[in-house]
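In what follows, subunit A forms one complex with subunit B and a second complex with subunit C.
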Partner chain A sequence: MRRSLSLYGLTFSLPLLVWQLLFFVFPLVFLVALSFWTVKNFAMRPDFDTVNWVTMYGRGVFWQAYGTTFAFALAAAVLTSLLAFPCSYAIAFKLSEAARRWAVFLMVIPFFTSYLVRIYSWQIFLSDAGIVNVLLGKVGLGPFPLLNTAGATMVGYLTLNFPLVVLLQLFSLVFIDRTLVEAAHNLRCGRIRTVFAVIVPSARVGLVIAALFAFILSFGDFVSPIYLGGGKATTLSILITDTTKSGQQWPRAAVIALTMIGTLLVVAFVAVRFAYKGRSK
Partner chain B sequence: MSDTAQDINRNPAIDWGLKAYVILAYAFVFAPIAASFVFSFNSDRFPSIPLGHFTLDWYRAVATDPLVWEGLRNTLFVGVTVGVLATALGFGAAYTDYRYKFLGKQVYLALALLPPTIPVVILGLAMLAYLSRIGLSGNALSVIIAHVVICAPFAMAIVRLRLSQMDPDLEAAAWNLGASEWAAMRHVIIPFAKPAILGALFITMAVSFDEFAIAWFVSGLNETLPVKVLGFLQGQVSPRINAIGTFVFVTSMTLVVLAQILLTGRGAKSRPAADE
Partner chain C sequence: MQRDTLVSFEGVEKRFGGFVAVQKMDFDIRKGEFLAIMGSSGCGKTTTLRMLAGLEAPSAGVIRLAGQPINHLPTWSRDTPMVWQSLALFPFLNVRENVEFALKMRGVGKADRRRRAEQWLERMQILEFAERDISQLSGGQRQRVALARSLVVEPEILLLDEPLSALDAALKVRMQSVLKNLQRETGITFVYVTHSQSEAFSMADRVVIMSRGKIEQIGTPQEIYRTPATRFVAEFLGSSNIFTGQVKAAAGKSVTLEGPAGTFTLAAADLATPPAVGQKVSLTVLDARTRLAATAPAGAFNKVPVRMIGEEFVGATATIYLETAQGQEIRVQKSQDDLESLPLQVGKDYVAFWPHEDGHLVAEA
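Up next is the complex of A and B:
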């Protein structure tokens, strides 16, 4: 099957390579260059000046946003993983083959609905006169200010992450060797203990990767913190959109973006190391 | 797996509780989708319960808004172009991965699969800065360029899965029977991968239809429909979002179901040999 690359082979392999180099790698590399440009009189000039880095890193607002974003994303990753696990576990071990297929199909549907529309829909639920408060009012509670809170932002992150996390967890759970579970049961290992001593370690890679994706998605999302969180807690993605959309401070936005990429690389590296720890032996 | 039914640890109450939890989880996932559908037909300006009366006003408002039509035209034009380009690029990459081994293949695959893991705000900013530098920003073309970058990996994954089901000797057999590489591609590989190619086409179109963040950064005045929705969300909140959302949902789901039929329909047909 292996032959040296020919005209035939290049016809199929080159287009994607060229496209991703031109329009994926180059823009990201350009972002690095851009972060050293200067802005004078509302015009960007190619330059090699660390002023943007110094300015951004010297600002309390930036570090505050960084802390908020990191804490939000971490909380979203943990919360989504914890809430999704019983669901994935039940789908993997308690449902029939046919029901599981349906469950997977239904979990895929949200990927093809507009995230924006779902967020707007949550506003209908959470606003002061919204569905949740009306229902609470029926039993004599509330109204509670639900919208424009950190809790509402979390609901948004859950909306974004939950289907993907369930699918990824499910994917690792269905491949667990059932004989391991049965062996644990035969050895009189209790139900809860089986979950934590057998199932979770066996599915660790998938569980950690799922949490990692939840972190990445939440870290970069600007819709939930603005339209459900009310923009009260500024996140890095809000800073980027504000800095980019209002004026010519793109070099500063580039600094934020590169800081985000750096953070994500470190987090991804740590997560993958943790996921495969002791695996290769 | 019904064999777990013999578990000594099986407790019906816990099983029941877990199943109830699953239903609750799906309720959470589908609540916003269902609400958007219901309220798109509801008369109230500020949607809540109890429901107002049934109305098509929001659909009418959307249908008579020339800006929405322009957004729809942009979305369709972008989506179809992206679907075709991303599927072609993704197919090429999947075939490359299937057939060749070469130095730097890991890097090649990383380039082919990584883009969807980069946060869209960052890609949006990078694309905007880069494309405006080379004079390509602020039009439908820039949205197409950016969307192909994030859609091609999906197409590649779908086609690659299909190719992995193909007997690797099949292509070699065609060569031994005197077919050129091009002929083998045309008569063996492409017919075999056809359901996945069409599936990838629909899935990538659906992804492009819903993508708003990168499109918002690079589109300039040629806004696509999801960017319009973002505009509505920023301005006066209005149930028109629900009407557009329901319309986009129905369109996307039609594409996905078509893809699903194509992708699962293959199983029933001859598995080891090429279709047709």
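Up next is the complex of A and C:
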């Protein structure tokens, strides 16, 4: 390997390096440093004090929010994966080549509009006098409180995750060797059983990665829990805004943010390990 | 040695849209035989096998297994396990789990499953690899796993779709004897699809030769080699010299034809219907039966003046390449010993000849 860097190589690698340093490494280091600062009379002071960590980790409300966020993200990952799988399975195995291209195109369309706009439009459906309750009223049901519930938060997470999860699942499903499916059928494995005995294990890496993305997106999301969940269940992202608003406690917010980053790193590591477990192809 | 019929194709046909992959075919597969279906790619041999396996539905006709029509049965309701060209082993399962798969699908209990899988792993001499991943095996070992996986249910019939094509030459020969022995010992009917004549002829009891979706000939390797039924078969095997001409005289089994290379006589024409005078026919004579001399021999022989253009030595035998005055290539296959008496030189003139009874008549398509 050549050690000396050519000008040509530097021209292409340097901007990326600078960018990463400036907007990723530096803010992260700053975030770590910030978590050790202290706040006196609504003013932050550079310091090296573990008081923020001790305070946050000693609070019941923090751990409650942590549990809620983790449970929500996990539920969203599982729910999205389960709902997306039949969809991506159908696109991968039941549609013609041309129809599959259209399906992929349709899955990309949601990314054209802002997530915030899509969440706001759910309010029109879910509010007490919203479309869903009006329709239910026509058949003599309701009105049900739909907005500002955990269910509504979940609808928001699905809106966020579903298209991406379908696409990620799809990419692993279309690459499954079709002769494996035929071989399973030939060895007396029926249609439904083949899905679980052959297709899911074959696509395991893609399915786990898709679920991981759903988890990551939901874990850090602020929009759905606040605008559809009404902030009733406090998630870590809501807790961060509350903390910064109350008495300029940026250092404590940094503690929450770092905890979230650490959690996602561990979850991602465990998920990838599980995805590639045992079998190396 | 007529045996019971296990499978019969009755007027079976397969079309993909407007394309006819398999033309209306009728043939039987006998119980316990090793049948090879041979042809070049796109001849419909794999489609035929897939119809038997239930992976393709015939467009017309009936396929019977042990007398019962099986057209309507999906592949998972038939007992027609197949070995794929790619082997199609499950990469997410280890060797043992692959072999146990079909038993698990049949609801065989865990202990029984394990015992039966181990029997077959042992028989295929891969028991020591039972806990390995498929990716850790060599080509030959994978082959054995694929065979064990299909045979563990002890089926009446096993379908094989060019399973040896990915192996190197030496391993291929070794696996051929493994397959042949396995078939002989188990008595399971093997239906083996291949484009390789050496594979088909070395293993099969009977061979089906297909071309463009049509069966050209069914017979033992010896029958096909000695008496190709059509010009296609003779050309496909490439082991005969072929002369085309018009029938000049036909009396009983003796036929005389006239073509650009000369006038030839056959002592024993065995066409189903005797040829009419004026009909276009082809005469085939095996490379190994064609003789060569420096000057025209005396006696009742068919003779063709030729010029030598090259030679090819393959161990104990040699193939001499010659050319007629019309530019048609003639091959003569001889042992090294036979050739010692004849000085060979490229560019020199010789006479190729053969007795009347060594010629064989095939119909022109």
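Methods note: the second predicted complex is superposed on the first by the 273 of 281 C-alpha atoms of A that agree within 3 Å, B and C clash if a C-alpha of one lies under 4 Å from a C-alpha of the other, contacts with A are read in each partner's own complex, and residues count from 1 in each chain.
To be clear about the criterion, a contact is a pair of C-beta atoms (placed from the backbone, for glycine too) under 8 Å apart; a residue touches a chain by one contact, two chains touch by 3 or more.
Bear in mind the structure is a predicted one, so any value in this text is a computation, not a measurement.
In the superposition on chain A, A:Ser246 contacts neither subunit B nor subunit C. Between subunit B and subunit C, B touches the greater number of residues of subunit A. In the superposition on chain A, A:His185 makes contact with both subunit B and subunit C. Within the superposed three-chain model, A:Asn41 lies out of touch with both subunit B and subunit C [touch as defined at top].
By the touch criterion stated above, A:Arg204 is placed in contact with subunit C alone, subunit B being left untouched.
Of the two partner chains placed around the shared chain by superposition, subunit B is the only one that A:Leu21 touches, whereas subunit C remains out of contact. In the superposition on chain A, A:Tyr8 makes contact with subunit B only, while subunit C stays out of contact range. The contact surfaces that subunit B and subunit C form on subunit A in the two complexes overlap at residues 182, 185-186, 188, 190. Residue ranges on subunit C touching subunit A, taken from their complex, read 53-55, 74-77, 80-82, 84, 86, 88, 90-93, 101-102, 105-106, 133, 135, 149-150, 153. Those residues of subunit B lying in contact with subunit A across their complex are 1-4, 7-9, 11, 14-15, 18-19, 21-22, 25-26, 28-33, 35-36, 39, 46-50, 88-93, 95-96, 99-102, 108, 111-112, 114-115, 117-131, 133, 145-146, 148-149, 152, 156, 168, 171-172, 181-182, 185, 206, 210, 212-213, 217, 226, 229-230, 233, 237, 241-242, 244-245, 248-249, 252-253, 255-256, 260.
On the side of subunit A, the complex with subunit B involves touching residues 1-3, 5-6, 8-9, 11-17, 19-21, 23-28, 30-31, 34, 83-84, 86-87, 89-91, 93-97, 103, 105-110, 112-125, 127, 129-131, 134-135, 158-159, 162-163, 166, 178, 181-182, 185-186, 188, 190-191, 194, 213, 216-217, 219-223, 227, 237, 240-241, 244, 250, 253-254, 257, 260-261, 264. Only residues 177, 179-180, 182-190, 193, 197-198, 201-202, 204, 278-281 of subunit A touch subunit C when the two sit together in their complex.
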